[in-house]
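Which chain is which? They are A, B, C and D, in the order written, and residues in each are numbered from 1.
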Amino acid sequence: MKLAMIGLGRMGGNMAERLLQHGHQVVVFDPSDEARQRLAKMGGEPAESLAQAIEKLSAPRIVWVMVPAGKITEDTIQTLIQTLNPGDIIIDGGNSNFHDSVRRGKEAQERGVHFIDAGTSGGVWGLTEGYCLMVGGPDQAVHTAEPIFTDLAPENGYLHVGPVGSGHFVKMVHNGIEYGLLQAYGEGFEILKASDFPIDLPKVAELWNHGSVVRSWLLELLAGAYRENPTLEHVRGYVDDSGEGRWTVFEAINENVPAPVITLSLFSRFASRQEESYSAKVIAALRNQFGGHKIHNE
Amino acid sequence: MKLAMIGLGRMGGNMAERLLQHGHQVVVFDPSDEARQRLAKMGGEPAESLAQAIEKLSAPRIVWVMVPAGKITEDTIQTLIQTLNPGDIIIDGGNSNFHDSVRRGKEAQERGVHFIDAGTSGGVWGLTEGYCLMVGGPDQAVHTAEPIFTDLAPENGYLHVGPVGSGHFVKMVHNGIEYGLLQAYGEGFEILKASDFPIDLPKVAELWNHGSVVRSWLLELLAGAYRENPTLEHVRGYVDDSGEGRWTVFEAINENVPAPVITLSLFSRFASRQEESYSAKVIAALRNQFGGHKIHNE
Amino acid sequence: MKLAMIGLGRMGGNMAERLLQHGHQVVVFDPSDEARQRLAKMGGEPAESLAQAIEKLSAPRIVWVMVPAGKITEDTIQTLIQTLNPGDIIIDGGNSNFHDSVRRGKEAQERGVHFIDAGTSGGVWGLTEGYCLMVGGPDQAVHTAEPIFTDLAPENGYLHVGPVGSGHFVKMVHNGIEYGLLQAYGEGFEILKASDFPIDLPKVAELWNHGSVVRSWLLELLAGAYRENPTLEHVRGYVDDSGEGRWTVFEAINENVPAPVITLSLFSRFASRQEESYSAKVIAALRNQFGGHKIHNE
Amino acid sequence: MKLAMIGLGRMGGNMAERLLQHGHQVVVFDPSDEARQRLAKMGGEPAESLAQAIEKLSAPRIVWVMVPAGKITEDTIQTLIQTLNPGDIIIDGGNSNFHDSVRRGKEAQERGVHFIDAGTSGGVWGLTEGYCLMVGGPDQAVHTAEPIFTDLAPENGYLHVGPVGSGHFVKMVHNGIEYGLLQAYGEGFEILKASDFPIDLPKVAELWNHGSVVRSWLLELLAGAYRENPTLEHVRGYVDDSGEGRWTVFEAINENVPAPVITLSLFSRFASRQEESYSAKVIAALRNQFGGHKIHNE
C-alpha cells in the first residue's frame, strides 16, 4: 500500500527501505537531502516538505511519523492533525510516552483523524530481521494499516495490543525489561571479571549462547561485541537512557508495583554518568565525624 | 568412552540417556531400583552400589557424580577420592559451591585422583537440546574426558573455563544472571498486568519473541507457560532457590562488585516466601507512634 | 497575631492549640462541629464556614490551610485565592506536592495574594515539642507571618528555605529520608529477630538509644512502641504511604540522582500491601518450565 | 576494678582513659611507646608486652582486647587463651565477626577461660558520652566484669544481650542499620543539592534536628560537618567499609531475610570506590550493538 514515512534516520530510513523491499509505495520526507536521496534511489518517492508528502498521498492517507522524541514529534503530529482529513491515519512509531499518545489520540479523534501508536523494537537489526511491533489504536484504522505492520515485522512479530496508548505502553515496559536484562548480564560479567579465576569473558559469552538457560538475543549480541573488541577497549562505562526506563518506573510506582530490578538498572545508569556521588561525599564526611574514619581528599 | 553416572534423577538420568544415545558405555547407579532399570533398558549397565559401579570401570576410571547438592555429594566424592586410583577422574556435575570444588580438587590431588567440576545448565531440556557445560579442572584430565563433554553439550556448548573450581564458579554466576533475567521479566509482566490497559499477557510474551530486543530462550519458555496456563491459575507466587543466587551475591561482595539486580532478585524470592514482613510490622508500629498513622490489625 | 486555621484534624487542631497557647488569636474552622467546639473551649474563635472565617480576619488576612491532601486542599486554596484580597496570605501546611504549590503560588500571585507553602514535620508530638517548619514563599509575606512560624516550631525549628514550592520540596525530601530510616531499622530488627540468638528486641531498641551511633528520635519511638507492645502483637505488616516517598523518587529520577535506598523503602511498602506478587507467579511458572522446579500450588 | 587494656589506638586509648577517670586500675599495653606513655600520664600502669600486662594482674585476670580486626586480634586472643588461667576473662571489644567470637568462645572454654564479646558503638565521642555496649558471654563472667561495662557506657547504655557471639552479632546489625541511615541521609541531601531550588544544605541539616521526624545523632553530626565545611570541599565521595555491613548482608541472606536497604547502602559504597563500572562498559557495548547507540569513548 501507499504511505508516507516522515523521518529517515536510523530507524525511519531502515523501515522505509524494508517497506520498499516488500513492494509498498513510500513517500519519504526528511529535512536531510542526503537521506531523501538515499531512499529515492531505492524507489522511495521523495517529498520536499511534510505538506508535500501529504499531497502525494490519497485518502485514506497513512503517515508514519518516525522522528526523534520530544518537540519535533509533538510539532509533526499536531501539524498532521490539523492538515489531514477525517479518515486519514497517523502512526507514531517513535519513542513517545504513552500518556502523550493517549492525549494525541484524543486530539486526532476530535478532528476525525485516526491515531495509532506503534511501539517498535528491533533496533538496527530490524531492517533485515524485522521489527517487533506493539500497536495501539482503533480497530478499523489498525486493520487498514495492517499490511504495513505485517511487512515491517517478522512472522508473528506484530500485535494489536489494545486502544490508543497501549502500543507505547507495552513498548515502554519492554524497554524496562531490557534495562533489567542488560544490567543482569553486566553484573554477571563484572563478577566474572573481578574473580581470581582467569575467565575468558568473550568465550563465556559465546558459550552461554549454546544450551544455557541465559541464552538470548542480547547475549548473542554481547558475544558479537566481545568478538569485535575482547577487552572493550575505549568503551567508556557511561550509559545513556532515552526515557522509557524512567517512565516504566513511574508507572510501576503509580500502579503500586515493586520494580526493584528495573529501577536499580536505571539508577546504575545514573551512577555511570556521575563524576562523583554527592551522597558518598556526605557519608564520607559523616563517617569522619562519628568514627574518625579517614576522609580521602580530592 | 566408558564412564559411570552416579545419580539418575532428573538431571543425571537424562545425561546418562544422552550419553547412551551418543554411543558411550554408561555404568549407572542410583539408590532407586526403578531409576536403574529405566536406564538399563536404554543400554546402561546397572550397578548395585557405588563400589560396584567403580569395579565395572577400567583405568582411567571416569565417574560422573550427579547427586543432590549437600551431604550426599560430599560423601560420594569423599568415598570416590578414597576408593579410586591415581589417574582416575571424578567429575562433579551438580550444584556444588565452587569453594567446595576447589577444596575437593585439592583433596583428590593429594591422592593423585583428578577432579573436574562441570557446571551444567540446560535443565529438563538438556536431554534433547544438549547441556551447556562450564568445565574446570586440570588440562590433561579435562582433555581425557572431552568426548563426554562434547556429546553432552550442543555444538559450541562446552568450554574448559579454567582450573578446578572455575567450572562451578562460572555456573554460579550464570545462575545469578538467570535470577536477574527472571525478575526483569517478572516485574515487566506485573506492570503490564496492573495496567488499566487490557493487555493480553500470553500474546505479548509470544509477540516479544519475534524481533524484539528482549527475546530469549526464557521468554520462549514463558510464552509456553502462558499457552498452557494463560492466567497462571493455581501457580502460587512462591519462589524457591537452590543456592547459586546467594553464592553469587556473596562473591560479588567479596569482590567489592555492586550487584544490585542479582541481589534484589534474590530478596524478591525471600519476600515471596514470607507470610509477613517483620520489618513492615516494625515500620507500621513506628508510623503509628510518630504520626498517629493507623495500624492495620491482624 | 491573628489568623484562621482551616482544618482541625490531628495536625490542624494541635497546631491551633499550640498557637493559642502562645497567645495568638486563632479563628478556627472545620466541618466537624465537635472539632470547632474543642478549639473554642481553648480560646479559639469558631467560624461556621470558610467564608465566615475570612470575615473574622482583618487585612492582611492570614489563613493557614491544614486539610487533607487532594481535592479538598485544591478547592480550599482556589476559594481562598478568589476570595481574599491583595496582600492577604495563604499558608498551606499540608502534604501538598511541591509542583502544585508552585502552580498555586503563581495563581495566587496573579490576584496579588501571597502564597506560602509550609512543610510541617513532627506528627502527633508537635503540639508539645513543636513542629519543624520548612517554609517556601515570598520574603515579605514570610516575614509577616514569622511570629506564627516561630511559635509553632521549637527553637531553631523554623527555616525560610526559599521561594514558593521549596517548602514542600524540602519536606518531601525529608519524608523520603524518613522512609529510608524506617526501612533501615525495620531490616535490622528483622535480622535480629530471625537470628538463632535469643535477642530481646525491645531491650536492644532501648539500649541503642544510649550512646550508639544509630540513636535517633525514631529509635526512641520504636523503644516506646516495644514497651507498649513487646511482640508487636496484632500489628499487621502492612505499611501505607501518603505520597511524599513516591514524589521523592520521581524527583530523584528527574534529577538523574540514584536513590536506591529511598526507592527500595517505597517498594517494600508496596510489597507489604500485596497479597501475592504476580512477578513471583511468573518466575515460579518459568522455573518449572526450564528446570522442572516444583510449583507450589494455591 | 583492675584490668588490662590491650591496644591503645583511637578506641582502646579513649576507653582506658574513661576507665581511669572512673577510678579503675588499668594496665595498658600497646606496641607504641608514645601511646603507653600517654596513658601512663593519666594514671595507667604501662606494660612492655602482652605477657607483662598479664603478670601485672591477679586472678581473676580481666583482659580487654581492643586491637584492629584480623590477624592481630586472632593472635592476641589465641595467646591469651594459652596464657591465662582458668577463671580469667578475655573481653574482645573490637570489630570481630561474631562467627569468630563463637569459635573463640569455645576455644577459650576448653581451657576454662571465659570469653566475652563486647560490641562497642560510639566512636570518637565515646570518651565523653560513653560507649554503647552490646555484650555476649557467660552470665558469671559478664557479671564479674559488669563494673567495667557500666562505667564505659552511659546510663542504660550497656546490655548483656546473650551468649558468646551475640554481642558482636548485635553490633554487626547495628552497623548494618547505620549503613542504611547514612545512605538515606546521603540520598536526601543529594536530591536537595540537585534541585533547581537554591537550598542551603547546611541550614537544612541544622533545621531538621529541631522537631523533625528525621532528627538523630547522625544528623547532628552532619550539621556539625556542614558547619565546619559547608561545601564539603576536598571531601572525596569515596566511602570505605570495615566489614560489618557485608557481614550483615551475609547473615540476612543466611536467614532468608530481605535487606534491600542495607545491601544497597553497601553497594553504593562499592560504587563510590570504582573508577568505572565494568558492568556499565558491557551495557554501553551492548546498546551500541542492538540500537546503534553511541559509545562514549575513553
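We adopt the following convention: contacts are C-beta pairs under 8 Å (C-beta built on N, C-alpha and C of every residue); 3 or more make two chains touch, one makes a residue touch a chain.
Heads up on the chains, UniProt names are A, B, C, D = Decarboxylating 6-phosphogluconate dehydrogenase.
What you see is a predicted model, and the numbers here were worked out from it, not measured in a lab.
Centroid distances built from C-alpha atoms place C farthest away from subunit B. Between B-C and A-C, more contacting C-beta pairs join the chains of B-C. Taking the mean of the C-alpha atoms as each chain's centre, subunit A and subunit C sit 39 Å apart. We define each chain's centre as the mean of its Cα atoms; on that basis subunit A and subunit B are separated by 34 Å. Centroids built from CA atoms put subunit C at 48 Å from subunit B. Among the residues of subunit C, those in touch with two or more other chains are 123, 183, 185, 187, 190, 194, 213, 217-218, 256-260, 264, 267-268, 271, 277, 279, 290-291.
On the subunit B side of its complex with subunit D, the touching residues are 213, 246, 249-250, 253, 256-260, 263-264, 266-268, 270-271, 273-274, 277, 279, 290-291.
Across the complex, subunit C meets subunit D through its residues 121-123, 126, 129-132, 134, 136, 153-159, 161-163, 165-166, 169-170, 173-181, 183-185, 187-188, 190-192, 194-195, 197-200, 203-204, 206-219, 248, 251-252, 255-262, 264-265, 267-268.
Per the touch definition, subunit B reaches subunit C in the complex via residues 10, 123-125, 182-183, 185-187, 189-190, 193-194, 217-218, 221-222, 224-225, 229, 232, 234-240, 260, 264, 268-269, 271-272, 276-298.
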